[in-house]
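Both complexes shown next keep subunit A, but they swap its partner, so subunit B is in the first and subunit C is in the second.
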Partner chain A sequence: MKLSKVGFPHIGNYYVPATYLFSNILHSDIVSAPHISQKTIELGVKYSPSFVCTPFKYTLGTLLEVIEKGADCVVQLGGGCRYGYYHELQRTIISDLGYDVKFINLVIAGKASVFRVYRELRRIDKHFRRFKSLYYLFITMKMVKYMDLIDDYIREYVGFEVNDGEMEKLNESMLKEFSGVKGYFDLKRVYKKYNSLIRKVKVDIPRNVTKVGIIGELYTIMEPFSNYFIEKSLASFNMSIKRYTNASYLMMGKGKFIKKNIKKYSKYVKYRMGADATDNIIRAVDMCRDGFDGIIHIKSSFCTPEIGSMGIINKVCCDYNVPVLFFSFDSNTSRVGLQTRLEAFNDMIEMRKK
Partner chain B sequence: MKIGIPRGLFYYYFSDLWISFFEKLNISYIISPETNKEIKELGNKYSTDEMCLSLKNYIGHVAYLSRYCDVILVPRIDDFGKYEQTCTNFMACYDIVNNLFDVKVLDYNISLSSHDTLYKGMKRIGKFFGKSNKDIRRAFLCATIKSNKLNKVRIIDNINRLNLTGKKILLVSHSYNTYDSTIGKPVIDYLEKLGCIVIYSDLFDKAACRRKSLELSPDIYWKYSKESIGSIALCGDKIDGIIFLSVFPCGLDSLVNELVIRKINKKCLNLVIDDMDAFAGIETRLESFVEIV
Partner chain C sequence: MNCYLGIDIGSISTKGVVIDEDNKIICSLYIWTEGSPINSVKKLVSELKKKIPSGYVVKGIGTTGSARKLIGLMMDANVVKNEITAHAVGTLSVNPNVHTILEIGGQDSKIIIIRDGVIVDYAMNTLCAAGTGSFLSSQAKRLDIPIEEFGKLALSSKNPAKIAARCTVFAESDLIHKAQVGYSKEDIVAGLCKSIVLNYLNNVGKGKKIIEPVVFQGGVSKNLGVLKYFKEVLGCDVTVDPNSHLMGALGIAILSHKNSDGRVYDLDIKDIEFKTVGNECGGCSNNCEILRIFKDKKLVDTWGSMCGKY
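Here is the complex of A and B:
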């Protein structure tokens, strides 16, 4: 039997758990996409409609790159908002270009159904490991959670390291070990080892730390290339960064979080506004109350729910007197302009502190 | 107490129902005028600059109304079932308006997946004005029957136009764009001036459209997009050309229209209208398109 070669689009570092999951439950090869580069975006922009949101262009670019590398079966995750409909158009675009590939979409209309996932996985591999897959799904979830925990710590302290680049190196070698773990206990051992190693990295924390929160649209916030490494730039200003949106939050905590909090914040938001808009408003109010020095809101251009939330976040920040900076990333935003705006933002925060 | 109804987005789906409901219950209401320059400017002033043109106009209507009435009716529509969702602007509209203006906003929520129906919403509005349960129920029934009747007449009129002879052009667009005086009206007027018969995509049997739409796109899950593209499959060979009308950064149309244009093999034109007032360019495109057809 011919094995299919599976490829999928990337978000940040989450290709590690995704590769782990697929390689363990499917009897097929995984074609890992190259890291997102300028070439990816150019490919994506060339074949996308003009005013679609930017994640469409990025994911289409990666899918085309994966297909060029030899994949004959591509997987889109899908989700709520417009993201759940990407696959339909991307499938048409890819088949119009003359590629003969299977196109799999796991989630539609923002609601994951077990039957759909099962049906779609059977299209890749008829004999995929049904019962093992539950076990590996559990491990993958844990892996994502551990990755996010480590990431949160790094984001908070990476701006104050004594020797630059230590934490990042440790993170990279942790990801390498994660991709080869044999079971849950092995995973836990690796996590514990690196957790203690990263906490031992020397940091020099000044007395009056500048705390900045990042909120925004999920793809742009999680894929560092698409936001031009905004977190790295912020860390170079010696800032402590807090970000709530990550994969484990989106998979596990989101529904509960909104249900629990939406009544408390009824001054600003009464209903769910679609995608991440509601939680971003709630987070913004929380951050203002917790005494953050500034909030940065990032989104890809034409992201409809975030555009709606921008006005409300602006109002929140006016009420609490906290500076807020809005970024809208397109495929051709210049990095220099971003740097200048961040510098100005940093200067303003420092002046306010005095 | 006067209730204000902005002429935008939801108005084009619920206007008949609202008007007869308020008339039956003796609630005085005011509807904002057709979109004009003043309203457009108000919309530009209050909205975020990346919002879609229809929402900008809607905010302009609300800003205009807030001077003349005590409460403004802004519903919120989430979904009509699991695979019949709406644009996120419909979900966020109430919160956007509520945070922008100081005027009291009267709202109701339609979300069939969490059992919030239109009747519950209208009941809330009736209760706000101090009407009794019985009156509300009767008024709601009358209003639904009346609006359904009016809609049926329009649908029959639209289908009859399909059998006329001449250049028949299907205008695929959302209702709030088709009938807006700055977006769809000039296009329709110009097409009729050129001697075409304009057929509206939103005046067909809704359920049939939704069923038919699955032929073009099996996984689509937006109610209003389903209805507009279903009309293409429903018309079949009876039409000569298709015009896709959308406003600048419309989230749904950017994907759905692109997909449909790739799938059908009929002459079609993709018109995207932005808030520049240059209609001359559109006129030339319409003219050349009609000539090709």
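Here is the complex of A and C:
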């Protein structure tokens, strides 16, 4: 039987561990999508319903791009909000366009059952490496964890780099080495090497650092293209950025975090509000208490759970007297308008500090 | 003596203010942008130059507004700042106790919350131009009322029509509908003014604590009808400074004064040829729109690339 070529939607740099995992447990070829670009979103917008949330458009665009590159089997996941319908709707749209593509959904409504994943993986490749897969899953999880740790460090200090772009370059070459690691110890070695290299990059940190926290809807804050490289713009104002939402948090920490905290924060949130809304409210309170100078809330247009959380976050920030900026990104947001608001935000924080 | 020039280039109008060492306005000018910021600034500067009394030397230039970057480059400005900061600084210099600034301009509207002389919060309209000056002026044209008379006409209405103002397109169809069922012109105009206020407070002012003293500025603040409904809906006094339309330019002039490096500026820009050439890069699938700015046929800056190739 001919093996199918596998593609999947991209988000940030997480295509590296995903490619690593699939190429090690499946015998199939992996088709990796080109970097997300204007063309991706144009393709996505063309074939999406116009009032669907923006990540749908981005992921549909990437899927169409991998299919164009020759993939005939695509993997999608489903989360706990409208994200849960992405798989079905994208399957219908793509088959309506006349492509004969196998659709695999590994996670339904944010829950992955072992049996289901097993069944679905067998649909791609009957003889996938069952026993090795657990080992590779473990390595992949570690890889994601390491990537996030490095990212956290970079986000905090990249704004104070003496020579611009050094950290980004190191990060890129680390990802390149990550995609070729032979096993767990190899991975750990690469991580340690780059961890010390990145920490050696010269930074010039002023005494009174401006700390800004970013919260919001997961796709838009994790895919820099879809948030118009907001972290880069903020770093150019010499700000230190903190972002809690990343893949390792979403995979490992989220459930526990909410369970542990929801009672403590019952002044603001009593029930789970779906997707990341609850976490974002809790994080906002935490950041206000930790003395952050400002909070930026990012969502894609039409993201319902985050719309619910915005009002509460506004109240939190009013109570703690911390400025908050809300952004709603769509496929046609103007970059100039974004820049104006960020500049004003920066000016405001500087004025407040004086 | 030293003076400082602040230029606020908006979508509809271009404002210029010249201040002295004590941040007092020496002269000012307000002209229409007419879609060409470069030409309107040339005109503005050459006319302001005539107005500046002899003995003054320009020691700083600041630009703000939506064309701030381009004009900043053209004038070689020492400060290029966003309009939110400029408006706040300008207003604070005139009215240090202000707590809330409502601003409605040609294409955007914003609210700035100030406590103890410091900006603590702000918001700006995002997607839609409903309830901004350009909508008002296009409706005035359609109703064949000079924009200067618009506000006065609204004041004479006793029974303002209810206008759905969620969006300019729907507002316009609703306006036409109200006219077709026989509402008088002043009722429609008053309804429009009221709808702008409600729309502003629902969209931009959402969740913001509007505390007295409230200052209303921007081009639309000259509209008496809108002012009247702001007072009515907010239930408090709203002040409009005689220079309310110049606050952005005043603010940026003050900022330019603060950051002055002693350089003397020449206002002779009439003969400088300034040109922007835009093309798509095509180097990757992003297809960034690359803008090349030429000053006297010499490339001075390139904007718009995402990757930093230019």
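Side notes on the structure shown:
In the analysis below, the second predicted complex is superposed on the first by the 353 of 354 C-alpha atoms of A that agree within 3 Å, B and C clash if a C-alpha of one lies under 4 Å from a C-alpha of the other, contacts with A are read in each partner's own complex, and residues count from 1 in each chain.
Criterion: a residue touches a chain if its C-beta (ideal position, glycine included) is under 8 Å from a C-beta of that chain, and two chains touch if they have at least 3 such contacts.
No experiment lies behind these values; they were computed from the predicted model shown.
After superposition on subunit A, the partners subunit B and subunit C are seen to fit next to each other with no clash. After overlaying the two complexes on the shared chain, residue contacts for A:R341 are found with subunit C alone; subunit B is out of touch. In the superposition on chain A, contact of A:Q38 is made with subunit C only, not with subunit B.
Contacts of A:M273 after superposition on the shared chain: subunit B is touched, whereas subunit C is not. Set against each other, subunit B and subunit C differ in how many residues of subunit A they touch, and the higher count belongs to B. Once the two complexes are overlaid on the shared chain, A:G311 sits against subunit B and subunit C alike. By the touch criterion stated above, A:M351 is placed in contact with subunit C alone, subunit B being left untouched.
By the touch criterion stated above, A:C81 is placed in contact with subunit B alone, subunit C being left untouched.
Of the two partner chains, subunit C is the only one that A:P323 touches; subunit B does not reach it. Between the C-alpha centres of subunit B and subunit C, as seen from that of subunit A in the superposed arrangement, lies an angle of 80 degrees, given as a multiple of 10. Residue contacts after overlaying the shared chain place A:K211 against neither subunit B nor subunit C. Minimum Cα separation between subunit B and subunit C in the superposed model: 6 Å. 311, 328 are the residues of subunit A that lie in the contact sets of both subunit B and subunit C, per the superposition on chain A. For subunit A in complex with subunit C, the touching residues are 34, 37-40, 229, 311, 314, 318, 321, 323, 328, 336-337, 340-341, 343-344, 347-348, 351-352, 354. Residues of subunit B touching subunit A in their complex: 47-48, 50-52, 76, 78, 82-83, 85, 87-89, 91-92, 94-96, 98-100, 107, 109, 217-222, 248-252, 254-256, 258-259, 262-263, 272. Those residues of subunit A that touch subunit B in the shared complex are 49-53, 56, 81-82, 84-89, 92-93, 96, 105, 108-109, 111, 268-275, 277, 301-302, 304-305, 307-312, 315, 328.
Residues 66, 81-85, 118-122, 124, 126, 207, 209, 284-288, 306 of subunit C are the ones that touch subunit A when the two sit in their complex.
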